[in-house]
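What follows is a pair of complexes built around chain A, which joins chain B in one and chain C in the other.
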Partner chain A sequence: MAGSVNGSRRLRLVRRPSARVSLAKRAWKAQWSWQGMLYLIVPTIAYIALIIVPIVMTARLSLYKTNGFKTPEWVGFDNYTRMVGDRAFRKAFVNTLIWTAITMTVPVAIGLVYAAVLNSPMVRGRALLRALIFLPSTMSLVTLGIMFSLVYNSSFGALNGALNKIGLGFLTQDWLGDPNLVLYSLVAVFAWQFSGLCMALFNASIQQIPEELYEAAQVDGANGLQRFFHITLPRVRPAMVVVIALTVVQSLRSFDLVYVMTKGGPDNASALLGFFMYVQTFVNRNQGYGAAIAVVILLLSLVFAIVYVRRVATREAFDE
Partner chain B sequence: MTAKKRVRIAALAVASTVGALLAACTSGASSSGVVEINYSARLTGVGDDADAAIVEAFNRKFEGTYHVNRTAIDDETYKTKQITQLTGADAPDVFYSWAGGRAKDIIDAGFAAPLDGYYSQRGWNEELNALGQSLATFDGKKYFVPTMMSSSAVWYQPDIFAKEGIAIPTTIEELEAAAAKLKASGIAPFILSNKEKWEAQFYWTQIVVAQNGPAVYNNLVAGKAKWTDAPFVAAWQKLADWSKAGYYYGSPNSIGYADSTIPWTKGEGAMDVQGNWFPSTLAGSDSAATAKIDYFPFPAASGKQSTMEIYAENTLMINAKSDKQHQDAAAAFVDYYVSVEAQAMLAKGGRLFPSNINVDLTTLELPKVMLKLAGFMNSQTGDTFMHVDLAFTAKIANEFLDATQGVINNTVTPAEAAKRVQDVTDQQ
Partner chain C sequence: MTRSGVVSEIRSVVPETTGVVLRGKQASRPRARRRYSITASVAAGIVVLLWLYPFWLSLQTSFKSDADIRESPFSLPLPPTFGAYVRAWTTLDMPTLLGNSLVLAAGGALINVAVTFPIAFFIARRRVPFADAVFVFFLVGLMVPQQMVILPLYRIAESIGLAGPLLGLVLIHGVYGIPFSLLIFRGFFAGIPRSLDESARLDGCSDTGVLLRIIAPLSGPAVATVLVLQFINIWNEFLFAVVLLNNSPNWPVTVGVLPVQLSQYFVSWNLPAAALLVAQLPTLVLYVVAQRWVVRGLTAGAVGG
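Our next item is the complex of A and B:
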């Protein structure tokens, strides 16, 4: 790999076009390998068949009106313009942005704090605590959804029951029935589950930090917080880049919790784009509109990916 | 081994693999003369074993003539898989369908065969529930066979009514008076669980029919009235008024249907407007609860006649794209499915009520309350109606369900709810 990078640098120095072509040909021949091509063909075909073709087909379907039974009718960009006036779509779109913003920060921050605290020699039973914090990550969101539906029940749920028992009855809420609260109730479950995985990834990263750095900082009089901000945080940056990307991908795909806990209700207050797409495509049988929503989700992911790769997941971030 | 031999063996292997694949892909009449048909069943969690047993019994009975291959699909997944199945290469010859709007989608798409010929030939006209048959009729033709009839009513706790000195309401005014009395005693009048969105539609539809009669509601279904018309807005208003009066237990939009049995068995609520599956659900939480439950038809406004909702919960359609031989075989299967023998199997498995009127319900060891309900259902021969998500297309129904959640939460006004649903109706 390094050789080819150097080779291309050398090629750039050659000014005469004919010589450059000849060198490029020689380099191409040297790198050409039938075996390599064969290795590439299978994943390329798989990628095209399983990723590119469905995307193209979905984009094409988004230009039609169809319920899956009848012959699709060409409607151009109607499905996209319809979104603007669709109250439910706007709600799901804003909800998705809020959901993503919370999930890319809260579980990451909690996971980092967990990892930092559980790497402190002063904490006893660290392995057990790590296992307990990681445990929710191994559970399916459907299971958690069913469990938390009961926990959140405003009349006989465990959360309000516990708040009443400890004298904090004034904090009891209609966790799943209040349209202003329901989205945050759901995202809290997601954050609780995902913070365990974040903790595990940060933990692996923190354990790679040389102990000498902390010792030197301690000798220089740095306190725990200063050591965290000046040593731990910069050193876990590569892990953070990965963790944030993972949480965003997960949050854009979120469906299970909403489906199990609220079905997007009350009155779409907790609907996310993924769920809204499901309702339109499979329940309402608006397959064209559903496909258009899928394209919007794809575009959101692409925008995130481009900005993230260019601004955050840079070579410098991993070199540090 | 020589190269020639290796090539021959490879060719033989390829040929046999292709042959096996072709044989596997081929369905229909086999060389033995047995007509094979595909049946797509929807699993509901109740009576699924009985459904499978019927297929087995049919295959035994018609061994050498017909053979049914059953594909069972989970309740919610069925909605999504139905399109794929019907439009796929190996489409079912006979399949489950909902009645109402969803059935119409399939009929309009040309997948449901008209069954009038089979109705006469097989005697279904005489032996199947008359209301079920009328629901199967679209533009003068019958497109499905009802295989299970259902109804909805006001389920109540007689012990609580007796303790509070409340008589069974005979008018909607008496119902509201009873609700006020229960509320004053610290008991929630209605345990409305509306987290899954479909539950409140029973209340809304019953209120419309109670105050105006079934014809007004059926006009809406037929597209001859608007959602923004006064009778429909008034029904939403009633739901909102009851919410403001605190007639519902807890926060309805955060309580799931299954969870609603908890306050019911604790005696924290007195009534619920639900389908006839409610006692079975209750029995899952407290087997003794079914003995302590009763029902009354949702009372009409003063001077009006009460009407019970009776509809076909489960139906079977025959694929219009199948050839005549397979359609005939499918009809033979449907005929067995609605026979007294098979319907009794389904009823014993919990799928109530049989669509075949000749089934003797007294032989099924049903709870008293269910026998009473069955008697009432059979006695109602006049007009009936279907709740919203069965009567209308999914697009309209879902907007209705969402808006109704908002009305119950008092975040959407009745007029706004009506406008939203009418807008979606106009777009269709």
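Our next item is the complex of A and C:
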């Protein structure tokens, strides 16, 4: 704490007319810090060695056929053309698109509704309720997978048990065994978890909205829904772009849930690209093909990643 | 200006996203008090409790015996039994699994903060060449799927005979977390008045001195936020762990807990519930203790401070 006392004294000393500050600022700008550059060396090398180089290596490997033991054999774009004829790949690809379409809408919408409701002054204990909704976001998809296996189990699972209990027994399903259903059972878990993060992000955005806007609208006779659609929704639009980009990028790489809950089954019905890549690379040891699938995942997420990075990187340019 | 003046100034520049403080200010308005609606509050509370039902279900299942669960799956665990926890603890070798996770998460988080804290400062102050380009260069790592880097990392691990793989994964986690931490730290530093460190430099303080004596004492909340978030992220990570650690004495708890899952051959209900709660307990406790930092940090990390 002594440090901050010290800091505050300095703060008083340096308060001066803004013109002089900006002059000083301009002078500093040209001065690069040798120590700063030294600090930068180790992280940059580690980052290049452990992230950038592996990306390049994966991209290169995608043009080879290799199982990791024999010398790689150059096959050009064969690994990519092979995808077209690979039924399992097509299934995983379509599943991933469905998965992403759901995750970019459902948790985003749920999170927005939660954020709007749990910011309403009519609700007591908002902070606590928000903290509870956010709780699953701090858990791993592995433990959530185990948790939802208890819910989805066809013979003793809680979901079928509850349906039977409230007289909706005809709705009971083999949630993880039915090929037409399993993908949606899994994406529900992901959506359940991700709604919390979406809510937190929207919450931050909603709290920037001046209370006066809502009060004025109320005076003018706008009801809750109208206030939501005419004040909240337009104001959270910038946040929504970030949230959707983040959700898409996260869901395109989904792997954990599939691995834990279904291993892609039954009959590839719940395989996603992120999981299919793992199986091809590390189970079947088609490392070149696996690398090509990783490249496809990267390319699919690229547009959203660019949108996201641009938003995040330019955001602060405004502040300064 | 007093010390509390600085604190409040820092507060005002750190994005407050949990709403506790912001709302606290607004609650001083006389009108706010009367607007609570009991119906709305109760309804919201019920919805939230139902939303978290899978969590409560695991909790109550873990305290019941398997016979009780089959008989009445939804009843409360009265009296609670702890057999499942004992079994989870012993059959899974929990001390080793939790210990490995702790090494990974704590080691990775500490390395990450140690390398990211200084560079975030110099990047935020644009004191290194092409600071903005460097920032974006690091930010790219945030968007790269693990699948895109896992295979070369695996080949390297394979070729060096997996010597000290836990240490290797600690380093990988420390580096893989740089983009996210950089985003949070840079946003935080941008909110600290430039004049603070510039005046110290005019007084003859070195750059490292500024960092340690002026910036570090103000950065407690940001450092804590990043440490907690990195800890939780690494604790929950799965793909790297399952691919890169292929001998069981090194497994973290996310990998080691898998055998308890339900299957045709192994049907026990309370064991998986208890095991998953034990596996997640450290981060749950961390979340309860540091809830505001976690939520604020994740928000700041996602939208850039």
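Keep this in mind: the second predicted complex is superposed on the first by the 250 of 320 C-alpha atoms of A that agree within 3 Å, B and C clash if a C-alpha of one lies under 4 Å from a C-alpha of the other, contacts with A are read in each partner's own complex, and residues count from 1 in each chain.
Keep this in mind: a contact is a pair of C-beta atoms (placed from the backbone, for glycine too) under 8 Å apart; a residue touches a chain by one contact, two chains touch by 3 or more.
Owing to the predicted nature of the structure, the values given are computational and were not obtained by experimental measurement.
A.B. asks: Answer with first, second, both or neither: which of chain B and chain C does A:246 touch in the superposed model?
C.D. replies: In the superposition, A:246 contacts chain C only.
A.B. asks: Let me test your reading of the model: by the given contact rule, A:286 touches which partner, first (chain B), second (chain C), both or neither?
C.D. replies: After superposition on chain A, A:286 lies in contact with chain B alone.
A.B. asks: Is A:68 touching anything from chain B or chain C once the two structures are fitted on A? First, second, both or neither.
C.D. replies: Touch status of A:68: both partners.
A.B. asks: One more residue to check, A:92. First (chain B), second (chain C), both or neither?
C.D. replies: So A:92 meets neither chain B nor chain C here.
A.B. asks: So, does A:154 touch the first partner chain B, the second partner chain C, both, or neither?
C.D. replies: It touches chain B, and chain C stays clear.
A.B. asks: When the two structures are laid over each other on chain A, which of chain B and chain C touches more residues of chain A?
C.D. replies: Tallying touched residues of chain A, the top partner is C.
A.B. asks: Between chain B (first) and chain C (second), which, if any, makes contact with A:268: first, second, both or neither?
C.D. replies: In the superposition, A:268 touches chain B alone.
A.B. asks: If we overlay the two complexes on their shared chain A, which of chain B and chain C does A:177 touch? Say first, second, both or neither.
C.D. replies: first
A.B. asks: Between chain B and chain C, which residues of chain A are contacted by each of them?
C.D. replies: On chain A, the overlap between the chain B and chain C contacts is residues 68, 149-150, 153, 156, 282.
A.B. asks: Touching residues of chain B toward chain A in the complex: what are they?
C.D. replies: For this pair, the touching residues of chain B are 79-80, 83-84, 86-87, 105-106, 108-111, 195-197, 249-256, 259, 262-263, 394-395, 398, 402-403, 405-406, 408-409, 411-412, 420.
A.B. asks: Given the complex with chain C, which residues does chain A contribute to the contact?
C.D. replies: 1-8, 10-16, 21, 24-25, 28-29, 31-37, 39-40, 42-44, 46-47, 50-51, 53-55, 57-58, 61, 68, 117-127, 129-143, 146-151, 153, 156, 158, 161-162, 165, 192, 197, 200-201, 203-204, 207, 211, 239, 242-243, 246, 249, 252-253, 255-256, 259-260, 274, 277-278, 281-282, 287, 290-291, 293-295, 297-298, 301, 305, 308-309, 311-313, 315-316, 319-320
A.B. asks: Per the contact definition, I'd like the list of chain A residues that touch chain B in the complex.
C.D. replies: Listed in rising order, the residues are 67-70, 87-88, 149-150, 152-156, 174-179, 262-263, 265-268, 279, 282-286.
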